[in-house]
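So, here's a batch of structures to check.
Here come two complexes built around subunit A, the first alongside subunit B, the second alongside subunit C.
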Partner chain A sequence: MVSALIPLIGLMICGAVIALETKDLLSGIISLGIIGFALTIVFLILQAPDLAIVQIIIETLTLIILIAAVLKTTIKDSIESLKARKVILWVAGLVCVAAFIFASLKAFADISAFGSPVLRMAEYYLSNGVTGTGAVNLVAAIILDFRAYDTLGEATVLFTSVAGVVAVLRKKGRT
Partner chain B sequence: MQGMSLIVKKISQIMAPSIFILGMYVVAHGHLTPGGGFAGGVLIAGCFTLLILAYGSSKERSLVFKEKASLIESGGIFLFLFIALLGLIQGTLFFVNIFSRSNPGVPGALFSSGIIPLCNIAIGVEVAAALFAIFITFAIMRFGEKL
Partner chain C sequence: MIEYILAVVLFAIGLYGVIVKRNLIKIIIGLMIMEYAVNLFLALIGYRSGGAPPIVEVGKNQIFVDPLPQALVLTAIVIGLGTTALLVSFAVRIFEKYDTFDVHKIRKLRG
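Right, the complex of A and B next:
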């Protein structure tokens, strides 16, 4: 089951690289869509339908919003750099990737197997979720009863982002 | 923003009510089935976004939509905080599930599990208005350019 994730993750990495390297903004946004929809399939394989629903809807809506914002613009990304700087960037990037892979391998050896969490709180949630809250959907019981503070913070993040968008893109002050 | 062709208008006219009803269903059954306030709110926002994209909107109407969406979004997060404060008003803790102890209801029924459906509705209102406000702000920004 988990081995089916490897081609999906490779597809996501390819989409991210294409989104970074392409010159056209619209092609970059469509390549970002590859990452989002592949992530939806990853969530479905890992048996998380709540996250999959949210991911596929959010991905579609953000793609529509970004395409509506970018469509008909003629702005091209211009990447111009010296050759010496390019070599330094490549070397630094390869060193960082090697360090990341090494640290990940060390970390993966230490974490517990898939499906057997270390924290004991998860077992408490699983056994007492329905009797404690009365909600059949355990995800809703956790995010709105046991961990409602997290949801409040999440709603505040969304509120703040909308305030930022409305403030930055307002008509007054732009000359 | 100009509208699209007759085919797009007719298809979105048929699809939009279904998307809206699906969003309401996902919000209302958040404590029973996968989904919840966030997913349902995004569906409702997508319904309005589809209609605006298909039918177009003038600049003045978009400004009115933006004001209303900001107002409803603030109302949604205020409702969520008020539900959280009900515990303090009753004399217990912040965010305590006050109806769950006194009247738990049958697990699996629509009216059960205390404040969780109310929180889902508040989050659904907030998310729907927030995403629609972001979209309509981008649309207003496009009016300023010389196309």
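Right, the complex of A and C next:
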């Protein structure tokens, strides 16, 4: 089953290229959906059912938000760039991408191989999770018990961003 | 190892989109591709060959995948929705004011 990972990630890469290069913003957003839903299947293959459930819900919501925004504004990407600017941008983009890939390939020397992770902190969670928290789902035990402050911070960030969206988009009080 | 490299390639495509594209919606799409790539990479790091999902069945001795990256990615996915909603609302507001998604035109119209 793990052998299906590489074609799926390849599909995600194809979706990413199409999403960025198409001239129609609506098609681009639908192609973004390819990446998100393929990621759901990848999470299932990687034995992470909680992640798959959350990802499929969040992906649907994100697509709805993006499609609503694009339909409200414009679906055409009719921006043609100037010749000189284009060259500078391409060079800058290539340099950044090349530097990033080079640095990450260097970093891979220090990561353990795929399929055999280093379990340092997780060893404690795996052996004491059930007796310590009473939750059989260890992911729930971690986010709601061992690292509950992280989840509190997450709720704070989510609330702040929703408050930001309401403040930016409301019609009342605009001059 | 090839899985890690493909995740990095996905991240690099998103980085290219953020740097080179001039349309605000395309820049948001690039940021989201980067977010997906990071989530994918963290989930890949936690995988153990032959591991079961980290849900304990009492009385069984099983090998589990690493639950810690999964918990972190769960948080990151939800925060990703919040940041995306905020970015999109900024983009819609900018379009209402300047009638374009082009970042260079928006910069010229400032003031």
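As a convention for this text, the second predicted complex is superposed on the first by the 153 of 175 C-alpha atoms of A that agree within 3 Å, B and C clash if a C-alpha of one lies under 4 Å from a C-alpha of the other, contacts with A are read in each partner's own complex, and residues count from 1 in each chain.
Note that in this section contacts are C-beta pairs under 8 Å (C-beta built on N, C-alpha and C of every residue); 3 or more make two chains touch, one makes a residue touch a chain.
As the structure is a computational prediction, the values presented were derived from the model and not from experiment.
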{"item": "Which superposed partner A:36 touches (first subunit B, second subunit C, both, neither)", "value": "second"}
{"item": "First (subunit B), second (subunit C), both or neither touched by A:109", "value": "neither"}
{"item": "Which of subunit B and subunit C A:148 touches, first, second, both or neither", "value": "first"}
{"item": "Touching partner for A:65 - first (subunit B), second (subunit C), both, neither", "value": "both"}
{"item": "Touching partner for A:156 - first (subunit B), second (subunit C), both, neither", "value": "first"}
{"item": "Partner chain(s) touched by A:13 [first = subunit B, second = subunit C, both, neither]", "value": "second"}
{"item": "Contacts of A:54 with subunit B and subunit C, given as first, second, both or neither", "value": "both"}
{"item": "Subunit A: partner with more touched residues, subunit B or subunit C", "value": "C"}
{"item": "Shared contact residues on subunit A - subunit B and subunit C", "value": "49-50, 54, 58, 61, 65, 69, 72, 130, 136-137, 139, 141, 143, 151, 158, 161-162, 165, 169"}
{"item": "Complex contacts: residues of subunit A adjacent to subunit C", "value": "2, 5-6, 9-10, 12-13, 16-17, 19-20, 25, 28-29, 32, 35-36, 39, 42-43, 46-51, 54-55, 58, 61-62, 65-66, 69-70, 72-74, 77, 79, 81, 85, 89-90, 92-93, 96-97, 100-101, 104-105, 108, 111, 113-117, 119, 121-122, 125-126, 129-130, 136-139, 141-143, 147, 150-151, 154, 157-158, 160-162, 164-165, 168-169"}
{"item": "Complex contacts: residues of subunit A adjacent to subunit B", "value": "49-50, 53-54, 57-58, 60-61, 64-65, 68-69, 72, 130, 132-137, 139-141, 143-145, 148-149, 151-152, 155-156, 158-159, 161-162, 165-166, 169, 171, 174"}
{"item": "Subunit A partner contacts - residues on subunit C that touch it in the complex", "value": "1-17, 19-23, 25-26, 28-30, 32-33, 36, 39-40, 43-49, 51-58, 64-68, 70-75, 77-86, 88-93, 95-96, 101-102, 104"}
{"item": "Interface residues, subunit B side, partner subunit A - complex", "value": "26, 30-36, 38-39, 42-43, 45-46, 49, 53, 66, 70, 73-74, 77, 80-81, 84, 95, 97, 100, 104-105, 107-108, 112-116, 119-120, 123, 126-127, 130-131, 133-135, 137-142, 144, 147"}
